[in-house]
Amino acid sequence: MTDPRPVPSAVTVDRRDFIRVTGAGVAGATLLTMLEARQAPAQLRGTGLRMLKWSHFVPAYDAWFDDFAKKWGDANGVKVRVDHIPHLELPARYAAEFAAGAGHDLIYFVGQILTGQYYRNLVDLSDVAEGLGKKYGAWMENAKSAGQVGGRWYGVPDFYIAIPVLWRKDLFDSVGLGAPTTWEDLRKAARLLKPKGHPTGMQFSHCNDANHNWRALMYCFGVKETDPSGQNILIDSKEMREALRFAKAIYDEGMTPEVFSWDDASDNRFLASGVGSWIHDAISAFRTTQDTNPKVFEHTYCLPEAAGPAGLRWNVGEPNVWAIWKFSKNVPAAKEFIQHIANNQKEAMEASRGYNMPFLREQYKKPMPGLGNDSKLGVLQEQDKITAFFGHPGPMTPPAQEVLTTFIVPDMFTRVARGANIEETMKWGVGEIRRIYTKHKAS
Amino acid sequence: MRPWWRTPTARRYVFGYTLLAPAILYVGLLVGIPFLFSLYLSMSDASVGDPVASFVGLQNFEAALENQAFYGALRNTLVFTIGAGILKGLLGTTLAFLLVQSFRGRRLVRALVVIPFTLPIAVSVLGWKWMFDSQFSVVNWALSRLGLIGAYGSADWPVWLGQPHLALFSVMFVNVWRGFPFSAIVLLAGMTSVAPEIIEAAKVDGANFLQRFQRIIVPMIAPILFIGTAFDTVFTLSDLSIVYLLTNGGPDGATEILPTLAYNTGIRAGALGRGAAISLFLFPLLLPAMIILLRTLRRRQY
Amino acid sequence: MPASVGSGNPRSRRTREVRRHLLVYSGLIPFLVIAVFPIFWMAITALKQEPDLYRMDVVPFWFHLPPTWKNFDFLFHRTFYVDWIVNTMSISFWVSAITLLTAVPAGYALARLRLPFAENLGIGIFMTYLVPAIILFIPLARVVSTLGLQDMWWALVAVYPTFTIPFCTWLLMGFFKTVPFEIEEAAMIDGCGQLGALLRVVLPVSWPGLITSVIFSFTLSMQDFLYSLAFVSISEQKPVPLGVATELIRGDVYFWGSLMAGALLVGVPVAIVYNLFLDKFISGITGAAVK
């Protein structure tokens, strides 16, 4: 069933508006696109390439991406087809594709980084990744955790999503507080502002944000989930107990029970409605506010991450990774495309309205596209220095993945916030984590 | 003497099994064999990306039993299924009694109450998510204006999906909301099928309403109630979508049920073997229960 | 009930009627509120402008900004909603056809032909309903791709009968039992074979049962989410529930209005069709369980 409609899927921003917004950047990049296209090998002509991505949180980015991919395809004679599904549903689809031994050529991990689960069935992309690393001033250290298994690259990191603090300057001013820099500052603000009807909130529930936010707090407090090898569990520590205690305090003083029911979208609405004094979320929340409540947006600022008691700052990002199935019928085109998008990362960042953060060092040259000229988001231009991923400082291994998807960390914080004893909670949580790691070692 | 295969009985058998064959083949090929494969998965250390799995016996089931979250999920599954079953039964029966009356606008009412059942579940659940929103809940707005609960931000503002018991009740309620019209219609069918003559005869015999209900209506609608409940229970037991879309088992496992735990372990974390074991855990319990139920049902009907 | 039913003067009868109506209506109100309010709320949401959704200071049950068709327009012009509807209809049609073609003979054979093992076979067919889809979808993915149906709505036509056949077989089994043996015998005396009797006599009187099966195939098909998610990733090939739930939510942004519009546009027409056939449907399930 062919459909003549130009819009590939749900798109909120009209293509024309979009070009007007991004203007010059696109025009410049198109020239680059044409140059790149000329280099692609001729044997790709007449082939097809199917890719599966998530539905990006900035819908305009998907519109840009689909068009970008199509243009590349047209230039190289490759019939490109891009499908999008919500990030939470990707693992089910991959399980089905793997069982079927057929599906998309080029796939994408986000939310769940399944490189460690599927690497035996993924194409070794070391040549691509190392080439890009050389070209763009080396990969960030933890890009390896997203893409490598046993020293070989089975995934090529595309970008990651930063999850900073978004705070209301007008409200902070109203209680005589300056710009926050530490978790303690944030706690104080919440304590003073909650009675005025402006509490804060971080999800104590089973959602992605809950996993990220509490991990950020943990890592800032000096908690290590495992050692750098990812083999030994180190979460049973003084620091973890401190983090739990702090979370309990900040909940009691500065939040309402609604945080127990929140999903990934709730804190966006909380900020955009003008109620929240600060939230810890990806900048899509910032954009939602910009689009729906300009008055609140005017006073909303961004802090890359708050510092813990010892001055430690770790932001927990959400990596996005390309991979190619071994059963793909068009590995050359898929590899070519990964390089093509990496070579156009600037245009991509611009299109994502500052949402996509690059993994390659050289791309942090200021001013960064989408961020550099933004008076509020400019602070994110050094995010590479403070970004960690789940499992930190260990890699995102399959057991770390299972700890993530079974929500053990958010559940520990939930229990303590609800008044459970810290020692008992530690015993439970660490026990569950141990059980998972033992299972993975055994198999 | 005719050969045995020409006897009427043999011909009936051949005819009968030929009629049965398509259904048996279809279900056997598309459920039977994959099911055996799932059984094998549940006894292997398979992960989503590793086809070379080895046999580990009952280890995955043991692993489930060592997992504290599993007990919570098991308990919630039972509470959810039984609680929702009872509520659907009660609401359905009451509604059926009302709908069996003749009154003006009966068709319209009937049309309106079946809508919950006809909406695709994945989408109507999202409607509920919106109504249960912690900040913009229309239910809370109404209750708050009526003075039954406090204002937004106060301790008396219910957070439907955030308080443990309330959250479990909320996911159960969505299941009930969707299911009770169906119970009502099934029961209505049972009631209208009781021939008026029988009821008249009972009236002549001097039976009062309660006796009529007990002796005539109940035995006649019991079989349909059973089969309806059996299908609905099985559907509820394995349905992932309500909990997955509303709470994904949170907060702190308050709404975790076996399907969500199995999905998050087996598919999202990729530990297929353990996921399969969790999802199949109730099978050995359900199987005999269903066999007994179905046999009694069939016997009764002859 | 008082013994004076049907007697007395017309006026008091009238009063009694009014009183009975009031009683029934007041009993029905809670049910109507529970069943219909969410639908009403979904409809209002679908017609509201986005900023109007997030206002808690005014009565949310009505519009404070002019109602808008924007969400419907979005659904029809910016998504593949029309394709999704066509897919859902096509899937339901073929699933119903396959279900009838397999469940009707199976139900008849199990109910009427006194086959050895009939009971166990019937139970066996029901048992397949117990197998959880969360795991089953993985081996089924292999089946779907072997059949060459991956990423086509035809994949769902192949898969959905795995749950509609068991259900409808049991439904029809009960139903066929209620058809009097005599009419079948009479037909056979008139020269029809067993098959002829089934086709010419039993089926025509069983049509409420057949309609019921079709309605069930339809609604059960609409309840699926996981299979469609696993087997169909191409936008134009999705059925409505999958399309709406996967393309109108973007992680931390929900397109509430279009979501609700998308749900209502399929749910309400189905409810209307449902109601048209409800009487037949009722006699259909009645046949199924009550002799």
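When the chains are written out, they are named A, B and C in that same order, and each has its own residue count from 1.
Throughout what follows, contacts are C-beta pairs under 8 Å (C-beta built on N, C-alpha and C of every residue); 3 or more make two chains touch, one makes a residue touch a chain.
Predicted model only: the values in this text are computed from it and were never measured.
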{"item": "Category of the chain touch graph - line, ring, star, complete, other", "value": "complete"}
{"item": "Top-ranked pair of chains - ranking by C-beta pairs in contact", "value": "B-C"}
{"item": "Between subunit C and subunit A, distance of the C-alpha-averaged centres to the nearest whole Å", "value": "39"}
{"item": "Subunit A-subunit B separation of Cα centroids, rounded to whole Å", "value": "37"}
{"item": "Inter-chain centre distance, subunit B versus subunit C - centres from mean C-alpha coordinates, in Å", "value": "15"}
{"item": "Contacts with 2+ other chains: residues of subunit B", "value": "135-136, 263, 267, 272"}
{"item": "For subunit C, residues that touch 2 or more chains besides their own", "value": "54, 138-139, 226, 249, 254"}
{"item": "Numbers and ranges of subunit A residues touching at least 2 other chains", "value": "92, 95, 269, 273"}
{"item": "Of subunit A, residues touching subunit B in the complex", "value": "88, 91-92, 94-95, 98, 112, 114, 117-121, 197, 199, 204-207, 210, 256-263, 266, 269-270, 273, 275, 398, 401-402, 404-407, 410-411, 414-415, 418, 428, 431-432, 435, 439-440, 442-443"}
{"item": "Residues of subunit A touching subunit C in the complex", "value": "1, 3, 5, 7-12, 52, 54-57, 59, 81, 83-87, 89, 92-93, 95-97, 99-104, 209, 264-265, 268-269, 272-273, 281-282, 284-285, 288, 292"}
{"item": "Touching residues on subunit C, where the partner in the complex is subunit A", "value": "50-51, 54, 74, 77-80, 83, 86, 137-139, 141-142, 144-145, 150-151, 226, 229-231, 233-237, 246-255, 258"}
{"item": "Subunit B-touching residues of subunit C, taken from the complex the two chains share", "value": "1, 20-21, 24-25, 27-28, 31-32, 34-36, 38-39, 41-42, 45, 53-54, 56, 60-61, 98, 101-103, 105-106, 108-110, 113-116, 118-119, 121-123, 125-136, 138-140, 143, 158-159, 161-162, 165-167, 169-170, 174, 177, 194-195, 219, 222-223, 225-226, 240-242, 244-245, 249, 254, 256, 259-260, 262-264, 266-268, 270-272, 274-275, 278, 281-286, 288-291"}
{"item": "Contacting residues of subunit B [partner subunit C, same complex]", "value": "12-13, 15-20, 22-24, 26-27, 29-35, 37-38, 41-42, 91, 94-95, 98, 101, 103-104, 107, 109-124, 126-128, 130-131, 135-136, 138, 141, 152, 177, 181, 185-186, 188-190, 192-193, 209, 220-221, 223-224, 226-228, 231, 234, 238, 240-241, 245, 259, 262-263, 266-267, 272, 275-276, 279-280, 283, 286-287, 290-291, 294-295, 298, 301"}
